[in-house]
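Here it is, the structure, as structure tokens.
Labels for the chains are A, B, C, D, E and F, by order of writing; each one numbers its residues from 1.
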Amino acid sequence: MADKYKHDYFNVTFPHQYVAVVEINRPEKMNAFMEVMWLNLEKIFNTLSYDPEVRAVVFTAAGDKAFSAGLDVQAAASGELSGNSKLDGARTATRLRRHIYEFQRCITAIEKCEKPVICLLHGICYGLALDLCLAADIRLAASTTRFSIKEVDIGLAADIGTLTRLPHAGVPMSWAKEVALTAREFGAEEALRVGLVSGTAGSKEELRQKGVGMAQKIAGKSPVAVVGTKELINYSRGRPVEDGLNYTAAWNAAMVQTQDVTDAITAGLKKKQVTFSKL
Amino acid sequence: MADKYKHDYFNVTFPHQYVAVVEINRPEKMNAFMEVMWLNLEKIFNTLSYDPEVRAVVFTAAGDKAFSAGLDVQAAASGELSGNSKLDGARTATRLRRHIYEFQRCITAIEKCEKPVICLLHGICYGLALDLCLAADIRLAASTTRFSIKEVDIGLAADIGTLTRLPHAGVPMSWAKEVALTAREFGAEEALRVGLVSGTAGSKEELRQKGVGMAQKIAGKSPVAVVGTKELINYSRGRPVEDGLNYTAAWNAAMVQTQDVTDAITAGLKKKQVTFSKL
Amino acid sequence: MADKYKHDYFNVTFPHQYVAVVEINRPEKMNAFMEVMWLNLEKIFNTLSYDPEVRAVVFTAAGDKAFSAGLDVQAAASGELSGNSKLDGARTATRLRRHIYEFQRCITAIEKCEKPVICLLHGICYGLALDLCLAADIRLAASTTRFSIKEVDIGLAADIGTLTRLPHAGVPMSWAKEVALTAREFGAEEALRVGLVSGTAGSKEELRQKGVGMAQKIAGKSPVAVVGTKELINYSRGRPVEDGLNYTAAWNAAMVQTQDVTDAITAGLKKKQVTFSKL
Amino acid sequence: MADKYKHDYFNVTFPHQYVAVVEINRPEKMNAFMEVMWLNLEKIFNTLSYDPEVRAVVFTAAGDKAFSAGLDVQAAASGELSGNSKLDGARTATRLRRHIYEFQRCITAIEKCEKPVICLLHGICYGLALDLCLAADIRLAASTTRFSIKEVDIGLAADIGTLTRLPHAGVPMSWAKEVALTAREFGAEEALRVGLVSGTAGSKEELRQKGVGMAQKIAGKSPVAVVGTKELINYSRGRPVEDGLNYTAAWNAAMVQTQDVTDAITAGLKKKQVTFSKL
Amino acid sequence: MADKYKHDYFNVTFPHQYVAVVEINRPEKMNAFMEVMWLNLEKIFNTLSYDPEVRAVVFTAAGDKAFSAGLDVQAAASGELSGNSKLDGARTATRLRRHIYEFQRCITAIEKCEKPVICLLHGICYGLALDLCLAADIRLAASTTRFSIKEVDIGLAADIGTLTRLPHAGVPMSWAKEVALTAREFGAEEALRVGLVSGTAGSKEELRQKGVGMAQKIAGKSPVAVVGTKELINYSRGRPVEDGLNYTAAWNAAMVQTQDVTDAITAGLKKKQVTFSKL
Amino acid sequence: MADKYKHDYFNVTFPHQYVAVVEINRPEKMNAFMEVMWLNLEKIFNTLSYDPEVRAVVFTAAGDKAFSAGLDVQAAASGELSGNSKLDGARTATRLRRHIYEFQRCITAIEKCEKPVICLLHGICYGLALDLCLAADIRLAASTTRFSIKEVDIGLAADIGTLTRLPHAGVPMSWAKEVALTAREFGAEEALRVGLVSGTAGSKEELRQKGVGMAQKIAGKSPVAVVGTKELINYSRGRPVEDGLNYTAAWNAAMVQTQDVTDAITAGLKKKQVTFSKL
């Protein structure tokens, strides 16, 4: 593993050309997140974003029990959520707002990563786990997965992205509000039925094969086309259609000027495999 | 029932602590709506919104035949839809526009109510019934439910919210346009399949148990968290993700400063039940 | 066929009163599109939009093999995608941007057509076929349909509408990104399950009967109501709910002033068939 | 004065046909605002909005010393700004937010009033006085006027509209931020130079003549045209040009259908005075 | 004059390389506009937009009396504004809306023209003259100019762009509403003071020299830079700053790849004149 | 100077309590910017943003000749603007886009800095100097100042903020486009007249006194109020009024809970000086 990817609580590996696998690595605590972890997560995804050796990312977690149990509540309880502020309400709010901005920015690094991120879910997926996977592009789940938008159970409205991204995930809003307001658990099958995930697998191992296979497939495509596809879909969410079309035209005016098109068409006509240069 | 909730054509009851049930009560006319009814509806939901005794609302209707047959067309035909205006087109339009604003504002009171609203549908759900339930947060339907976006059948594009909220309901748009353009009936099962409702029940009574149970569950959570969850999901619809995240940070900078977090975490660690103070 | 509808590569017929059928007619090339075709498509839909004899449009394609294989890549390869520009990057971008604007405008003519468009898909539906059907209002598919968002395979991010309209189609975004990034094929059943299409039929002929029947049903409704329903749903996508409600009030202040309402209500009370005048 | 306009702390008079004058009437306290006053203000402007006898509104204040000294700080200090909340930060925030919404809604009634509002400023114009006049359409000032965006001096960011509407007032933003951040006083001449007001007068009496004269002029125009002009300018602020044009077309499709156009053109050709019917 | 620029009621000339002058040519009727004129105007500006021989456009009008008296009211009174519709209100609205869309689109062609448009105003500038000049980029006025937003005088809210573009013109809104609501005349000096025009000249001839000189100056710059500058300023109006920055990055990623930069820098270092290739 | 403010090419000093002065320090090159400089600039403003010892920032530059001559073109010409890319157009665009994002982010740090920034301009202010000062809150200029939006002269549309922020600066757009398209120079007096700057001074020294004095005045106010005032004005630009009001309510629900209000009111009543605690 390259030094630039060495960060506590994460493993970054490259099982195939152009495919990176990011693994949360704190299984003994159900991969619950402390502040250092989301700061490291941001560094990793920012690096992946521009790394010419990477064209697709798989996001997974160590251990069998949990993708992530969410926020490490004990750590948070002695920190930002301690409630022991001696400051007045405005000054406390200022600290909290700065903290939320930073926390959001770290998780949003997954979304802003130029390369597609396939999130593989298994076991416990509580609270922050939802924020994480909703910032990814594609979600797949093992049959063991137990989801819960857990935040209401600790007195919070989920503020690191879940509530903002759910209305853009293409899932039924009646269902989304039910699970966000009740914090009830749901499994992989239900997640597939409502469209929160787009595929399932029996075991964690099968899931990994499926996810890595999908990443390999994407990594074989033109990186110019792949990066643009992610960007243009994300841009168009929550904006009028005319805005999306206009931005698309500005974007592609540059991006269509790629050798990849000629290479792909030529290879297609000759029924040959095509190799794209780095981005 | 408190005086503040006594309004013609509605019953408001409180079967459990923090749970209100609003019942449309004009069963002899299939709960069809006249102007006084939507004006009363607005008063009720505005009051529920700030009532510290209320944390979740169930919205239902009296009688077995219909949640609501929609607009009372006979009443409307002698009123705003009479077509007997002696005014010129601009002056008629001004009256109509003022009327539509008021009508929209009344139905939107369900959406603006701070507390989550669970809408229980049964029997006939035509026209305005859709506007009503789409302004609610969660929709559940009895097996008897017969939905129809009926407005095209009386020469109207549905203007009290159905056409605006359908694109934000997380249902397939091809399906939504088909049912809005043809006014064809569909039942609970189809509504569940496309995600318009997130749960069904066999009978009206079972539906009520399910809905009230869900309301009780929500009412047991931190009211600060519940109110924020509704607000932040609603805000994020139809806006870019960055806007939703930013608003969320501003909102939660205040709302995280709640005793509920400490209480919930402490109770969680002690595996005790937690009681939240009023909001 | 009226002269105004005679354009190369398209047949426009009127099997029933107020119902137009637009057929792509280049079956020997799998209905692949060259520039003249999208220019003609725009002319046809612009004419349909204001034609008082038309109240619903069916959009289909000749031959059994394909609705459309997408862009005629060979034609494009010697044109805009040739890569043989002697101009600098900015000048090439300017040409490409102008080209994309024009191409987008032609396909968007389907969306801007005042009358609802029901798109009937069968056989190969690759690349541009998706842009076309996503600009339509209702999508139905024969069991033979094989969809693929093919653009990444030729080095492109789909820029004629697919990536902009998918996030507004009410389909799960995890699924949408998967198929857009991998270009994998999917069939009618999967399209129905995720909501990309809202109905299927066994054969092309059955599909046509279903689509034309639906168009007839819509054509029997008030044209004022139908045109408004399409416009108001489209407007509300990607905008906050308040914006949609406000625009709806401005729109309907004029459109409720129609004889159709009185006629429809009167006919309804008398249980008679109603005939609406032209729009 | 009609009963519907009788509200404490305000005089509403009708010096000329179709011209209303609203006068803040608490001169002994420099027209400082308590809660009952903004609640009454809202009632008055809501009534003016739909009153067919009103086509233009002049907004002024009693006494020579002040248009308004702003918020009655002593009253506020024992109310919402008391700081004596026993509630936690989130519950206090909830009360404050509800309070701000209500306060904003009352002041926004000036902006939402269908008829143009000409605000006549004189003497002290501090804090809330800015929120009030920025919600009006036209601002004129006597030479005695002393403006100050005073809120920072009591520890507040102006939240009832000043900070939101300044960026839409067409004044230089460098200047706007300077006066908002320093709370420094400025006079009528400076306000005219930067465009905050569009006219000045030497004395309060001259100002009234100027303002009422302008109101009379507007009241002589077609009320359909006047109401539309206010609405369409307000709509277009803070939105892309395309949005403004589209909304304008929807609005005017109804509003051009007015007898006023024919009457005005006919009168124009005959060089006669035209009288428009009520709106 | 090339054939492509020959259209009734307009002269298009090329006094200097890369500089086009468009002259409205109906001086005997004070350059008042009939429908054929705005249709021709659109054709001219659409052609200028992509014409590589054009880098800056001057927009002026024949005769000494008027830039334009606005809409030819007599022509309109027997057409769209006749008020003699036998159709119901909705059908009349549909015709009017289609008419307004078309009319707006023609005038917006000035704004959408890729090349900067300098509008030279003189004499009478009433009604539509404002819509025209507000769609241009730079406005200069002769001392004879008499402006009036005249629409309220014929019972209309200005719907072809004036009310939408005024809030984006950087003029004081209090002033803008005053002149839009009263239709009062104002001259070149006032227009300069409020910023509606950015320069004045004594006579029409001096104005032309000033305007053409400015056009020549712009035509001497890199056309890539000029086109981008117009587009990016226009895009950013009415949108949040973040949106403008993001679009700018997408745009310039292509446009910075121009030989013009190298040529300009090299010429700058050598203190030589630079010649840019066509766009 | 604290270590955290030590960065090449900048001096950061604290002449008065809570007042920071940031000085660009490359006078021998007219304070032209190389990449390391904007990276350092970002670090400095990010640190100032949260520094409790800072309540207002003055932004100035060393030497008499120039605030900044803009981009160091020689450095850029051998870097990003070299034009010597061996990559295809899409890959070159990707590098440029990443570069522009980074460059924009650095300059935007001035805008995102929580504390108000007063920019003091003198001498040459070319190109990037405009991007810099437009990201600041208040602009003041010495009589020596010579502004030019210079980018078109080197073949570029200004992409680091000038073109995006000009339409939000409250300056006349006709003037703004003229100076952006012609790159012509203008001085302090003209800048004041159009509102680009809100104050002028004769010499650089007088300007500094004026700017620092203003900063001191702001630093004496409640920091809670000051930070909120900057944020709420910036938020409201380019957004509808309703959005600004709603965000303001969410923001102030927290921020009104400050001891500063009580302290300020109490001090005001007692006519005493108030001291606010740190933020």
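Before moving on, here are some points about what is shown:
As a convention for this text, contacts are C-beta pairs under 8 Å (C-beta built on N, C-alpha and C of every residue); 3 or more make two chains touch, one makes a residue touch a chain.
Keep in mind that this is a model prediction, so the values were computed, not measured.
Chain pair with the larger contact count among A-D and E-F is E-F, by C-beta pairs in contact. One inter-chain figure worth recording: subunit C and subunit F are separated by 48 Å, centre to centre, where each centre is the mean of the chain's CA atoms.
With centres defined as mean CA coordinates, subunit F is found 32 Å away from subunit D. Separation between the centroids of subunit C and subunit E, computed from CA atoms only, is 34 Å. Across the assembly, subunit D contributes 89, 92-94, 97, 168-171, 194, 224, 227, 237-239, 250-251, 253-260 as residues in contact with two or more other chains. Taken as a contact graph, with one node per protein chain and an edge wherever two chains touch, the assembly is complete, since every chain touches every other chain. Those residues of subunit C that touch subunit F in the shared complex are 89, 92-93, 242.
Chain contact summary for the complex, subunit A toward subunit F: residues 50, 88-91, 93-94, 97-98, 224, 227, 254-260, 277, 279.
On the subunit E side of its complex with subunit F, the touching residues are 116, 137-139, 168-171, 194-199, 214, 217-218, 221-222, 224-233, 236-241, 243-245, 248-265, 268-269, 276. By the touch criterion stated above, subunit A contacts subunit E in their complex at residues 247, 250-251, 253-254, 257.
On the subunit E side of its complex with subunit D, the touching residues are 73, 77, 80-83, 85, 89, 92-94, 96-97, 100-101, 104, 108, 111, 151-159, 161, 163-178, 180-184, 194, 234, 237-239.
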